[in-house]
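Step one of this worksheet: look at the structure below.
By written order: A, B, C and D. Residues from 1 in each chain.
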Amino acid sequence: MAQALPPLQPLLDEITEVARASENRGKVADYIPELAGVDPDQFGIAIARPGQPTVMAGDAQVPFSIQSVSKVFMLALALGKLGDRLWSRVGREPSGHSFDSMLLLELEKGYPRNPFINAGAIVTTDAVLQGATPRETLGALLRFIRAAAGDEAIHINERVARSEIATGHRNFALAHYLLSHGNLKNPPELTLGTYFHQCAVEMTCAQLANAGLFLVGGAGAPRLVSQARIRRINALMMTCGHYDGSGDYAFRVGLPGKSGVGGGILSVVPGVAAIAVWSPGLNHYGNSKLGTEAMEQLAARTGWSVFGPT
Amino acid sequence: MAQALPPLQPLLDEITEVARASENRGKVADYIPELAGVDPDQFGIAIARPGQPTVMAGDAQVPFSIQSVSKVFMLALALGKLGDRLWSRVGREPSGHSFDSMLLLELEKGYPRNPFINAGAIVTTDAVLQGATPRETLGALLRFIRAAAGDEAIHINERVARSEIATGHRNFALAHYLLSHGNLKNPPELTLGTYFHQCAVEMTCAQLANAGLFLVGGAGAPRLVSQARIRRINALMMTCGHYDGSGDYAFRVGLPGKSGVGGGILSVVPGVAAIAVWSPGLNHYGNSKLGTEAMEQLAARTGWSVFGPT
Amino acid sequence: MAQALPPLQPLLDEITEVARASENRGKVADYIPELAGVDPDQFGIAIARPGQPTVMAGDAQVPFSIQSVSKVFMLALALGKLGDRLWSRVGREPSGHSFDSMLLLELEKGYPRNPFINAGAIVTTDAVLQGATPRETLGALLRFIRAAAGDEAIHINERVARSEIATGHRNFALAHYLLSHGNLKNPPELTLGTYFHQCAVEMTCAQLANAGLFLVGGAGAPRLVSQARIRRINALMMTCGHYDGSGDYAFRVGLPGKSGVGGGILSVVPGVAAIAVWSPGLNHYGNSKLGTEAMEQLAARTGWSVFGPT
Amino acid sequence: MAQALPPLQPLLDEITEVARASENRGKVADYIPELAGVDPDQFGIAIARPGQPTVMAGDAQVPFSIQSVSKVFMLALALGKLGDRLWSRVGREPSGHSFDSMLLLELEKGYPRNPFINAGAIVTTDAVLQGATPRETLGALLRFIRAAAGDEAIHINERVARSEIATGHRNFALAHYLLSHGNLKNPPELTLGTYFHQCAVEMTCAQLANAGLFLVGGAGAPRLVSQARIRRINALMMTCGHYDGSGDYAFRVGLPGKSGVGGGILSVVPGVAAIAVWSPGLNHYGNSKLGTEAMEQLAARTGWSVFGPT
């Protein structure tokens, strides 16, 4: 028999307490100056379920920079615009290398492994940008996120975006390399300007969990994309959502998830719930350290794993 | 609402008919001489569910060489023997490179990415072999598989094993390389002798599906390993079970699975069923071409995906 | 006994005749639009010796784009400016990879293997540029080349430079990647603008052979750099001057040399002569095909090899 | 004007004194147990010139394990047996990777970069071994070395050979990998047995310098191979003789050379002399630290560089 689901509010409170007491909080990303100053002691978590009130604890209503979590939303837009033609420009395989590696991109001649490593996300943004302006593209992204979250207040932090434009040299290298292989269709400045703004979207855990409901599917969940597409996006999040720590996340948590260097993670319990967790300190893969631990704890206590009953 | 499960026997019959009519059947692995002569026109499929009769179609009772599918059973043995100490010798991440690549093994100094690429499987077998003879180790493996399948007739094809010993040069290279990093504890001939015999286990689809029930978990399923371990093995099958085609399998099928170059695939629907499919022709990743297509079809028709309702 | 040197004019005439009759002329570089239109049937060769008249044949007075041959002159400037401090930013080893590879640059964390692959040449130019404007830097380079060649007419082809700026995406990728490792001190546009102009210097074989005299050393040769530095630059030309075809050039020709994708090669016979050869068609390493064959023929006939008497 | 050659005996005495006083002697190779026990304080040097008495200093008459220096002699045998057909199995380019790297061998599908990295040397030995027994092959090698050195006492240290067979796992990995690509024609044990014995040849500096005379060429030098072949072997020694430290050796010393992990280096001054130096401590490339420094000093003082007059 499947275990009974424990009451969620006390569980989140307990997980938050454990997280707050943790001595090893990881290391805040310091290569984006605007993010380097974030207080590492923050921790928030929120669970959204179709037709039920959002459960949350800790700093769940403090906005943070979602960074690479935005790639999930942009991927949904790209699939909506191009469908399977997107896969002629980017693959669907875990990379086995760090998120900004050029080695594999060279071995594979400018065809990025998946839409969640930086090169693949740049190509994905570039695809959505084609035939549109950055303003229109970012507008479409914000509309999608706001509709998914049911919250019109979600916005882009312009200072963070500018900070990344000024320091994102590795991403410029990737973009120019993609261009040299004909796999960038807009000028690098244009695509990267859009990409850095997309990464600078700010959300709270509560907002992000609700925005993630469109990936839950099933009865009562918002239907922004088709059920078949939901399964595919979740599959990509499972195999590629945590860079070269994706296998570890699948092993420990057992749920599709996408992390960002701002310390946020969005995870999906298919048919059941969307979960957002945030803590700025990162582990050595570049994923939130306490966030991953909290998700592991939450999955163990709720039995929310796609890989088997408890 | 979740869709109703269609009657399985006519569905398997239909899938088998489609597979048999397929013109492009992939390419039979020719680097193992004993396997090169297998008739490529064969196709079988079987579904096992706890407490229900096995459903099967096509050549589901023809034995084939399970090859790398055996790595799932050896991994279960290794975790039973060493627990988490296994992870000091092998990782849990998808590799992003082919199953017999040396490049990543060199970059990571002899620590294989996961237990399903060849280097990692050799280490796993080596770990089980420690303190035991090859005969004892293979005996334990056969006992495990026979108990899981409930079939004492399952055996090792000695000719296939010898054929691989004589031609498995790449695996010898991997084993000696591991040894040079201190990550092989037995002589290469001993570990590889065991490894090649393990790969030469012969099973039918019906047997393999039943043997896979131990990974289904939940009410009525055999409990050879703990529920927590089931989830972890399934997670590894999802992220790493199809080599550098793992992302594609997750994307298209949405179930944990492990393939072998003999053309077999074992897939798990957590809490529900174990599925074995076999067709000798391989796609360019080295996974069964028609087998993958059949699994994709089966998953679409049954709604059996871990990534969302249909 | 060393063989007697044959009369050079008839020898160059003969080599030119053979080259002109060649059916397989290689392939003109087409990734720089302005160079793609060069007539592939051209071939020129010139030999300069201290205190003796220049010997030449074929199209030895037709100007061509020296491209990467310019890296020799910029290296001389960089060593003059920084001395051995240059080696903290760039290495002295052959790369074993193509001239624009990012793989090795990633493995070695942004420290380019040598000053002749693109990444290393960009760093070298960046070092000379520090504290100066592009105009001043290019002025210093032209003064050096003109002084070495004894010819004030040598200039930069602005259209070629602009063509490379517009299409040199791979070099932009390298520059941004270097910047991400802190190994670029000027803005990429500034360093690359200088770099592309440096590559667009136009010279004839006669001019280039004379400009190369500063690397010959010994009695009567111009002394623009110290004898110790001459030996070191020649060593680098020998081990790294032809990218991943450097070993082949050393094996076949036996002289230090530097090639450019414009089809030019500058080679040095230490203590004796400087040789320039030009033919636009390239072999698969990206070095002049007929130029290499001509140099091989010339070395065989004259006994001009540093690796042993004839 | 070329500088006058200083008297060699006092020069070698002085160089030996400096070496003996050196505090940082590098690190003796410890992966071959029989070599790990060698006294690191030893240093010897010898110069052989055609028709002149050998000049030597320090421990120039203490035998040491020549290890990879033997590859020069085996290459000469292989070229004598196969001529240019050897290059269908091994290349002529510096590798840019360490001497036992598998990464590049995988990227290049089992075609080793050059005959001096381990993979290439194994192929070279394998080529000489074809159609002969290991005993015959090693007999031919010893005859060649003894004839070159004019000393019948040179022999193989059987204990060192056995020590390497027992511990040379990386070389076994390379051999099996080559076999998997069809680039090994004898069983790995046979080729490696021969290879390890070849590496276990013992010589003194005095013997090695004299054995190297066959690469000096010109009047009075022994003519064991053609003058054209001498130039080609010297070219390979220049570009590939010190593994991924070859560029550094060319830059600092300016002479073709081949090093071994036993601490020996053989260098050639074309047309003039052969030099052997030995000191067991290695630098981080795996080449003799004091040996390299002594050669740099010797080249600077004598003006013996192929790259220009002093």
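Definition applied: a contact is a pair of C-beta atoms (placed from the backbone, for glycine too) under 8 Å apart; a residue touches a chain by one contact, two chains touch by 3 or more.
If you want to know which protein each chain is, UniProt gives these names: A, B, C, D = Glutaminase.
As the structure is a prediction and not an experimental result, all values here were calculated from the model.
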{"item": "Other chains in touch with both subunit B (Glutaminase) and subunit D (Glutaminase)", "value": "none"}
{"item": "Reaching subunit D (Glutaminase) from subunit A (Glutaminase) through chains that touch each other, fewest steps", "value": "2"}
{"item": "Farthest-lying chain, centroid of Cα atoms versus that of subunit A (Glutaminase)", "value": "D"}
{"item": "Between subunit B (Glutaminase) and subunit A (Glutaminase), distance of the C-alpha-averaged centres to the nearest whole Å", "value": "31"}
{"item": "Euclidean distance of C-alpha centroids - subunit A (Glutaminase) vs subunit C (Glutaminase), Å", "value": "48"}
{"item": "For subunit B (Glutaminase) paired with subunit C (Glutaminase), centre-to-centre distance based on mean C-alpha positions, whole Å", "value": "55"}
{"item": "Subunit C (Glutaminase) residues counted as touching two or more neighbouring chains", "value": "107"}
{"item": "Every chain pair meeting the contact rule", "value": "A-B, A-C, B-D, C-D"}
{"item": "Complex contacts: residues of subunit A (Glutaminase) adjacent to subunit C (Glutaminase)", "value": "101-103, 105-107, 169-170, 172-177, 179-180, 188"}
{"item": "Sites on subunit C (Glutaminase) touched by subunit D (Glutaminase) in the complex", "value": "1-2, 91-97, 104, 113-114, 215-219, 227, 230-232, 234-236, 238-240, 244-248, 250-251, 254, 256, 270-271, 305-310"}
